[in-house]
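By written order: A, B, C and D. Residues from 1 in each chain.
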Amino acid sequence: MIENARVAVIGVGNNTSALVQGMNLYRRTGSLAGVHRPEIGGLTVGDVDVVAAFALSGAKVGKDLHEAIFAPPNNVPRLGGDLAPSGVVVRRGLTDASGIEEVAAALAGAEVVLYSAPSGRPEVARAYAEAALRAGVAFVNTTADPVARDAALLRRYEEAGLPLIGDDLASQFGVSVVHGTLLRLLEERGLTLTSSYQVNLGGTEDFRNLVANPESKKQSKRNALGAGPVEIAPLGYLPHLGSQKIAHLNIEAQGWAGTAVSLDVRLRVDDPSGAAGVNIDLVRLAAVARRAGRGGWPAEAAAHLKSPPGTAV
Amino acid sequence: MIENARVAVIGVGNNTSALVQGMNLYRRTGSLAGVHRPEIGGLTVGDVDVVAAFALSGAKVGKDLHEAIFAPPNNVPRLGGDLAPSGVVVRRGLTDASGIEEVAAALAGAEVVLYSAPSGRPEVARAYAEAALRAGVAFVNTTADPVARDAALLRRYEEAGLPLIGDDLASQFGVSVVHGTLLRLLEERGLTLTSSYQVNLGGTEDFRNLVANPESKKQSKRNALGAGPVEIAPLGYLPHLGSQKIAHLNIEAQGWAGTAVSLDVRLRVDDPSGAAGVNIDLVRLAAVARRAGRGGWPAEAAAHLKSPPGTAV
Amino acid sequence: MIENARVAVIGVGNNTSALVQGMNLYRRTGSLAGVHRPEIGGLTVGDVDVVAAFALSGAKVGKDLHEAIFAPPNNVPRLGGDLAPSGVVVRRGLTDASGIEEVAAALAGAEVVLYSAPSGRPEVARAYAEAALRAGVAFVNTTADPVARDAALLRRYEEAGLPLIGDDLASQFGVSVVHGTLLRLLEERGLTLTSSYQVNLGGTEDFRNLVANPESKKQSKRNALGAGPVEIAPLGYLPHLGSQKIAHLNIEAQGWAGTAVSLDVRLRVDDPSGAAGVNIDLVRLAAVARRAGRGGWPAEAAAHLKSPPGTAV
Amino acid sequence: MIENARVAVIGVGNNTSALVQGMNLYRRTGSLAGVHRPEIGGLTVGDVDVVAAFALSGAKVGKDLHEAIFAPPNNVPRLGGDLAPSGVVVRRGLTDASGIEEVAAALAGAEVVLYSAPSGRPEVARAYAEAALRAGVAFVNTTADPVARDAALLRRYEEAGLPLIGDDLASQFGVSVVHGTLLRLLEERGLTLTSSYQVNLGGTEDFRNLVANPESKKQSKRNALGAGPVEIAPLGYLPHLGSQKIAHLNIEAQGWAGTAVSLDVRLRVDDPSGAAGVNIDLVRLAAVARRAGRGGWPAEAAAHLKSPPGTAV
């Protein structure tokens, strides 16, 4: 029997909460509802163990992971019953490039680092990536900060035979995926795009951070949607939405004989769950690749990322 | 220089109006806005000539085609300036299987029959297909009546080296295409479909006919969408919409950890133009295949059809 | 202290289920969320007792009311905990005008009859109204069948000093209310209505009956919306919706200088709860008016009815 | 026959363009489509003459008004044919409190000043109000800057027998009007508001200014909507929208027994026309009140204003 994947999570925010709660739910119920890939290299969605966790908030550091994931400002609801203690105590994480050695030491038992902290601190992201590299651990960057797009760093991971996956996860069924699919459909069918817009509303702490510092996110969204007359409205932080995300999309185009085609979409998702549904795949891809000694950026991760290596920073 | 394709149109309804107006518009302006395939086997969207036309209405028979396409109940608006007379006078068409020989004789100069009459009279559709076969002309069935799904007939076309394309065109960017694309995306991303519905509203005579006799259309829609919990609400004939079609789609699904995903779409198109944008491709595919002696059903037509051979009748 | 109102319900469908469950919920929790009028003539929403109930279905007749309200095809979910037995056993109701005397006898202890059976059987509705009149009980007709619009019957109620309220309840926050409000707003602001449509989708047995026999409902909707270019699309029975109702509304208008104004609305409600939230008011209005000896049609009911006396049948 | 109202416009932006074009259109066609009040005190929508105009942009100052209204960044399309020269040459306006006397002199022939400059320069707004007062002219402030909410200034207008109307016009059929109406309807019907949001997207220069400096606008919107859990997302400037404005509204509430009610609205309007349709009324109200010697704030203007005297600044 294959051994469970051993993951260290950086950031104990909503995405980590949804990931941890979901894995427990699927283990307990055996359900596969909402699961993208039931098995990757023999690993099911229940075959992943969190062996270490890092956070900065005083409300989380020192707590058991299964308690810390419910500390505010986290607001993913309970997704299915109570959780027994995990046995993993949340450690204090990095705020800059000092302390890399200590983190590397703490990663000893892990196979994969899942970097799931807020976007917007690229130097911290790279510090963790450095620690993972020293510890011989694969790295998954789910944020919009450039890590896998750092060509020198990616080369060092390749040389070490370690996977480096990133940047910026494309949610399991998020706004970019739906918008991009419809724009491609339009093109395939021969319509001419006239204009398009996208409005994103959310209520998580992550979302609040994006609102305050939207540029890296907007660039990443543009990377995901490709060129063309697509406008992205300012992100709207609406606390009452909690962990839900709502998007309004509009597409105006010309069909045969220049006639008007209009498409309006409203999408509502649980945002952290959309991330968790992809992170569970990225983590397993990384573990499997590392076990096989395949270093660098694995092409099969492409569908889950907004800003793969080579796209704009 | 390649010779223009010569087409006989059966039915001088809205779809024919949009086709004829669009071809003239594109010839005049040189624009490619809204054109799916600028060239098929060397034929541009302007390289198609209508050489014969058949209708039943007293308001159309005996008129020049460029006048007949604006006779009520047709309601496609003028899509770009006045049209000079076409020189093609609309002939009286068939109402049953008698008169096949006369039609065959009238098809002498044509390469392709574009069958674009109202759905719901399968015996008439097959009578025209019989006439085309006798005249050595390819046949394109854009209606939901089973013609290409008639295995015996398809075999005879194959043996005669004549293309037979059908059944039921999938509009260039219609409800089935958008709905089907989103359902497939859901599946690809691992979401579990909970429920889905589709509401179709239109204001054309075709639409009125469908409302009165919805069954073959509904089956064809189901063929296009595949299995699954998708409900199709009764069609709504709303005269004020004119040639516009409006659809409301809803998709409810479960993502990671069973969390809810909701997708609501409103689509507005000019319905006859959506048909014309596909008919211009099917007609050129048929002409090119016939010139090359490739009989039977051409696989490259599949993306444009809701009910290809082998699907339920 | 004021005495509770004593009500006999005709029909143990979803509307009765929502009414009975809601009254119990409010009594238990003391909440006022979603309550239109906390008090009418001293009666709170908990101050109403169901003292008799009539139904036709073998799954309901002979059962305790609190059990019968959950029998299929009823599909209102449980709205807050278990219910103790009510002590009211559901009786077999009328299918035609015979049996009026027995019903009148069974109404002895009631002050108000709440007629909440399926629309479409006007002779049955009038038979119950006859029975109520003989028993000296007020009558509330929530269906689209003409009862209060029967001028002779209304006169007899007036003469007997008994309230007669109807016809066809306007839901607490339903499609007609929202659509009518927006159309009136348009007019108040001086816009010129170009076109409007309304699509109604539902999943209850009531809705299925309406789909099969839509005419009286459509007339009642037109009564509620007033004149003007408003089109009502065919009702769509979508079983997966359960007790939810979804409506799509569109309004197109001209503003200053003839510029276009578009309004698209999607409304989702629990349909039986929307009825119950109004029935609780109508029942109390009827009880209070009867106690005060005010017979006939009480004007204060007007806001809750689609087809008051004098409108088209 | 009543004399035309004589108006001086401050600001030659989109709102002025829509006003001027609309008045000419209605004069020429005699149509009343989209007109809120055909007559106010005997004045039709064609009975208003622009006698002076002030602007700051080099592209407008010194031009005939009918040319200046089409200068960029104005982007209201031509709303009905060409305009003959107006004979009114646009003057250079104020940038601070200096120059009040010159403006007062230039207002000599006017009865009403329509202040229609960009929001966000309260001292300029008050300088014009001061000039109007000195010139004995009524003042209409359509911006969110506090003018009528300046109690001392309002008292001086009262004492002078001059009308002072403001602040911040509520568009003829804009987002605040629709949102407010639906929220009030909810309350009237007894539903309990759970949450609500509003997204505003626009493409005019005015909108761009609001995006850069949203606070006074947001406060004014809150004044219009009243208290309650209503969140206003950041304004989105999407240039491709031109003079169109699009809003997405959502309302979540509880109905009977706490059941969920959801309402989603998409509204599309020509924004400057929505302003012009109200300005034509405010200007006529002001002229009529001034002729009658009624000074101060006229109550009949209330329905057209978001921030009347007494609301928060």
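Quick note on the criterion: contacts are C-beta pairs under 8 Å (C-beta built on N, C-alpha and C of every residue); 3 or more make two chains touch, one makes a residue touch a chain.
Everything numeric here is computed off the predicted structure, so don't read it as measured data.
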item: Between B-C and A-B, the pair joined by more C-beta contacts; value: A-B
item: Interface residue overlap between copies subunit A and subunit D, same or different (over half shared); value: same
item: Distance from the mean Cα position of subunit D to that of subunit B, given in whole angstrom; value: 49
item: Whole-Å gap between the CA centroids of subunit B and subunit C; value: 46
item: For subunit C, residues contacting two or more additional chains; value: 264, 266
item: Topology of the chain contact graph, where touching chains are joined (line, ring, star, complete, other); value: ring
item: Those chain pairs that satisfy the touch definition; value: A-B, A-D, B-C, C-D
item: Contact footprint of subunit A on subunit D as seen in their complex; value: 195, 197, 199, 201, 211, 229, 231, 233-236, 238-241, 246, 248, 250, 264, 266
item: Partner subunit B, residues of subunit A touching it in the complex; value: 18, 21-22, 25-26, 31-37, 79-80, 172-173, 177-178, 181-182, 185-186, 189-192, 253-270, 273-274, 276-277, 280
